[in-house]
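Common to both upcoming complexes is chain A, partnered first by chain B, then by chain C.
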Partner chain A sequence: MLDWEEFSKHLSQMKSLSDELLDGWAILGKTGTENGAYLAKKVPRLFEEALLLFEYNVVYDLSYGVPKLCFNVFRTDGSMLQLNECIHVLGFDGEPVLVLTQMDHPVLQRPFFTLHPCKTSEFMDFCSNSKNPLVSWLSAIGPTVGLNLANEYSQCT
Partner chain B sequence: MEQSQLLQFVPFSSCINHSFWNKYTEIKLDVDKLEEKGRSIWGYYSYIESQLSPFIEVDSTSFNIKGADLKGQLAVAGKLFNKNTIENFKDCDKMGLIKASGDEIWENIINGKCLKSPGLLNSFVVLSFADLKKYNYYYWFGFPAPSNVNLKLNVIEDISGKFNNDQMDQLYVNYSNLCEDQKHFFLVHKEHFEMKHLEAVVDLKDTLDQYYMAFSDACFDPKYSGWVLKNFMLFLMYYCDKLRGKQVDFLSFRVSRENGKISLLKSLLIRASLPEEFGKPEAWIGWERNERGKMGPRMVNLKSSIDPQCLAETAVDLNLKLMKWRLLPDIDLEKIKNAKCLLLGSGTLGCSVARVLLGWGVRQIKFVDNSTVSYSNPVRQSLFTYEDCVAGKPKAQAAADNLKKIFPGVESEGYNLTIPMPGHPVGESTLEHTKETVDKLRDLIVESDVVFLLMDSRESRWLPTLLGLVYGKLVLNAALGFDTYLVMRHGVRGETQNCSNNVKGFKMIKGNNLGCYFCNDITAPGNSLKDRSLDQQCTVTRPGISQIAGALVVELAISILQHKLGGFAPAYYKMQKSAEICEDSAVEDCILGVLPHSLRGFLSTFTQVLPATEKYNQCIACSDSIVEAYRTKGFEFLLNVFNSSQVLEDMTGLTEMYTLKDNTIMDMSDSE
Partner chain C sequence: MANDREILREIWEGKIPVRFTLYPDEVYELQQPDEFYLMVPRLSYFPLVIDKVKKHFIRYVSNDKNDQEMWLEYDGQPVKWHFPIGLLFDLLVGTGPDLGLPWHIVVHFEKFPETQIFRLNSKDLVEAHFMACLKEADVLKHRGQIVSSMQKKDHNQLWSGLQNDKFDQFWAVNRKLMEVSGEVDHFKYIPFRIYDIEGFYKQKLVKPVSDEGQRKTLNDLLMEMYPKRATSVKVLTHGMFPPLNTPLQWMSEHLSYPDNFLHLCLV
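This part shows the complex of A and B:
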């Protein structure tokens, strides 16, 4: 478990490091209010010769009390990839997608593909020694949906 | 590398974030409406390395008054021209539009605004039209640059050939200290790397050769410059007349991460000569090519992600897919989704059944009923509202309409029909109408895959039981008593290579040997005034009963649809009290579990039993003689039955057996 205060603290810390690394993470939403802010980054990527924009958001899940990774994938014309297309792009074909689902973004109230937070709490306990469990968690689960945190982030864990 | 050709520029491409279209649609509908005069928007490009060709991105923040402040991203002020009709979009003077945008850049150069805000040297235009009925968005981006300004290229090389690592580090430190709103274009001292804002060109007029003319580049191709340098040239030609016709050293700043360290290693030194001739540009270019490589607009359809109805459908389907992925990888959701369901009766049971079918993703639901919504209905019948009673709406229609309100993706229809019944004579005057009704009911049954018998009278179940059997449909039945319910599937007919297994302690009945609702009844319908525990004469029920039975009958139907034998699936009937069906029993079940023949529930004891009964050879609805009579005589036979239900008893030989005691209830007490 991670309360909102801790979550925001780790979020800001990660954002500062990102600024140093020019890694593109931004804090969006309303920072003052509980569960009002989130961390966002856009990652452009070529897939089968087409430019795709991965939009990653790290949000706070109030009911589980843990961070949650959401994302959407767009083509350059603004159209959004459907779940089956995302699964294809991420190379999940053939494997059961156990944790990927679609949920409403807690701040934007729009549907985002989401790694379901039901197992996150266990994981957070597991990395309780980390100075920034948010970063530890994100660097562990991010790669499953194509988000690789640079090694430099390990300096804050 | 020495070269004597013209420097090539890589144009921007457009990248639209989905949130841009959301906001655009909102503004078009709520603010701009029919306004066409143009709206200022922000775009962004990045000077941090990616493997992609340079692009300008727009998103929902593009419409904000102040551009977003994002590290690594530079803002560009642009203008959106949204047209109200496709004709206006097509007829719009594109050359004129990009020239107007270019002229504005020119204005900003000569009035000095670019000195303070170098970003104003870049601009973009978007011409758009949205067909919001079809969710088609037409758009065309232009990135204006003067058409006739060229740079004669002398050298283009990595800066690592010019600077050592320490020098590059120093350059980066100075660069990162520069404000983002000055990073578009700036000056770098050639010796000590001091960086000056662009406005310094005015004061440094005579010593400009000591400076690199620097810009943040979105292009990462080592042989070319990004598009932004074109307008920078224009600026330099205007403010630095001494540079005209001279060689100028440009620094194209490109930031990349090398082995975990931010670096300028990919940056370029470009030595090139400015032209001598100079004046206000006559023509401006920069319209983006479309996905086919042609000069033309692009179109995107966003129905699936903007149309709320599509969003609802996707969400419903996804919910079911999650069940598939997480729990039941072999479930055939398409089979359920495509199942055409006919609900005979739109009362308490009909409403409950329809809702659970929706939950399973069923999309085609037809209702049949012959009454209107009454004041007592809405509290028990979950699809109706008080307004429906006031309006006196026919139940079938009201149920179909309200189902669409719950989920617009459903194809629901209502039919106001009175199902003809045995023992309810048809007079001369109603003969034609009765025939039409029978035809209509037959058509509805033929067109459907699953037929639910949910009426409130026993007699009205006779005709659809027969028709469902004759046309090979899955027929399911739910009937209510005061605090009891019966939910069952009717047996099917035909042969199957069903090698069903016997399980110790159970009797197994193949699906084509199972009985129907009437098999357990010894008397023909039509004279059913005597008390029955599960008869429909009793319309007073505990309110929860219909919800329970409605849910069960749908779940039973879904299980049948998921069974590889469908309606032929066998039912197992417990013969010994201690017998249990366990995991390793060789029961012919489906991924959702076993398929009982019927479920009888008793709310007074909160218990449920699962009796199974074989078809009854003298059944007045499903026996061979009745089916045969309908096949050969058709409506004539039905008419005889409507006029006198005695016909059924005579045909099946029931009359002789009438004295036999009702022994079918035994099934139930046995299994308890």
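This part shows the complex of A and C:
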């Protein structure tokens, strides 16, 4: 379990490292308010000759006391990919999909595809030796939804 | 324990009359469709009760549009149908001498507002959303231990009880989620969301008792959430204003929606 203070501390640390690495993560929202801020990054990617824009957000789940990774994928015309399209792009075809559902973004309160937080807490216990459990968690689960953290991030864990 | 059965019944039986009309610009046939009237349970969700509405209107829209997803609008805004119906009504219409019943909802088949509302085009998706809320509530109340100790058939019974409007079936299982465990006579935290007029909600970890062991009331919750303006606000839920001295633990047991959250609208 992480409380909001710890979460925002790890968030700022990751953001500073991202600035050094020119990796593009930004803190958005209101940092002073409990559960008011989140980390965001946009990643363009070519898929079957179409340009897609992945919008990743790392947010805090107050009830579970864990971070959550959520994202939306946009086409160049601004339209959003639906669940089955995301599953195809991410190469999940044929796998159980209910781990990935639309949930309210805790700050924006709009639908985002979200990895359900119910297992995250066990995972966070596993990362308890890390100096930055947020980065440890993100580097482990990010790749399932196409988000790879650079090796340099390991220096803060 | 949720012992005041009459209250639970009364809450369960709350219904709202709704008048659905098709958005005029989307009518493709020469003849305008009739309006469609439905009495909907406050505790249910729109995607569970609008099959008939879809069937009624779809033959009036252009053929190349009717594979598109239906969505609902009220007063120029898409209806966030992942919220329970009663909450939407309290939030969007509120209360007063002139509610303008039946509630007028406009039906659309074009331009699904995908950035604003969930795609809930199958009952499975609504169920997944409902179960996720229920789990979250149990994490707050019992560290998630009750939901995870339940069997799949209990989960199914909760869901089908809600879907088929079967009070006894639903409460036979929900009762366990409303129990307090072990030494204490209260939940760890109260699962609630409090909505402002713009429709944004806040959550916070609020215990049902104070550090001194005193039972907290709705007033205490408002003081914790809005220290500066707690005295000037009222809270609307299930179409009524609960007295400010109502104990939080009792409220959570009796006035929660089936997703086990209290949904409170600031007025």
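Here is the rule we go by: the second predicted complex is superposed on the first by the 156 of 157 C-alpha atoms of A that agree within 3 Å, B and C clash if a C-alpha of one lies under 4 Å from a C-alpha of the other, contacts with A are read in each partner's own complex, and residues count from 1 in each chain.
Heads up, the rule we're going with is that a contact is a pair of C-beta atoms (placed from the backbone, for glycine too) under 8 Å apart; a residue touches a chain by one contact, two chains touch by 3 or more.
Quantities reported herein were computed from a predicted structural model and do not represent experimental measurements.
*Asks:* Using the superposition on chain A, decide if chain B and chain C clash or fit.
*Replies:* They clash: once the shared chain is superposed, the two partners overlap in space.
*Asks:* Once the shared chain is lined up, is A:N35 touching chain B (first), chain C (second), both, or neither of them?
*Replies:* A:N35: touches chain C, not chain B.
*Asks:* Considering only the touch criterion stated at the top, classify A:A150 as touching first (chain B), second (chain C), both, or neither.
*Replies:* After superposition on chain A, A:A150 lies in contact with chain B alone.
*Asks:* Output check: A:P44 vs chain B and chain C. Expected answer is one of first, second, both, neither. What do you get?
*Replies:* Once the two structures are laid over each other on A, A:P44 reaches chain B alone.
*Asks:* Touch test for A:S63: chain B only (first), chain C only (second), both, or neither?
*Replies:* second
*Asks:* Under the stated touch criterion, which partner chain does A:M80 make contact with: chain B (first), chain C (second), both, or neither?
*Replies:* The answer is both, since A:M80 touches chain B and chain C.
*Asks:* On the A-aligned overlay, A:T101 touches which partner chain: chain B = first, chain C = second, or both, or neither?
*Replies:* Both: A:T101 reaches chain B and chain C.
*Asks:* Looking at chain A, does chain C or chain B touch more of its residues?
*Replies:* It is B that touches the greater number of chain A residues.
*Asks:* Taking the superposition as given, does A:E55 touch the first partner, chain B, the second, chain C, both, or neither?
*Replies:* Once the two structures are laid over each other on A, A:E55 reaches chain B alone.
*Asks:* I'd like to know which partner A:C118 touches here: chain B for first, chain C for second, both or neither.
*Replies:* second
*Asks:* Looking at A:Q109, would you say it contacts chain B, chain C, both, or neither? Reply first, second, both or neither.
*Replies:* Only chain C is touched by A:Q109; chain B is not.
*Asks:* Same chain A residues contacting chain B and chain C, which ones?
*Replies:* Common interface on chain A, chain B vs chain C: 72, 79-80, 82-83, 98, 101-102, 110-111.
*Asks:* Name, in rising order, each residue of chain C that touches chain A in their complex.
*Replies:* 82, 114-119, 125, 128-129, 132, 135-136, 139-140, 144, 191, 200-201, 203-205
*Asks:* Touching residues of chain A toward chain B in the complex: what are they?
*Replies:* 18-19, 21-22, 24, 26, 42, 44, 46, 51, 53, 55, 72, 74-80, 82-83, 96-98, 101-102, 110-111, 150-152
*Asks:* Considering the complex alone, what residue numbers of chain B touch chain A?
*Replies:* 13-18, 20-22, 46, 48, 50-52, 55, 57, 68, 70-73, 137, 139, 255, 257, 260, 262, 298, 300-302, 304-305, 311, 314-315, 318, 321-322, 325-326, 329
*Asks:* Quick check on the complex: what are the chain A residues that touch chain C?
*Replies:* Where chain A meets chain C, its residues are 34-35, 62-64, 72, 79-80, 82-83, 98, 101-104, 109-111, 116, 118.
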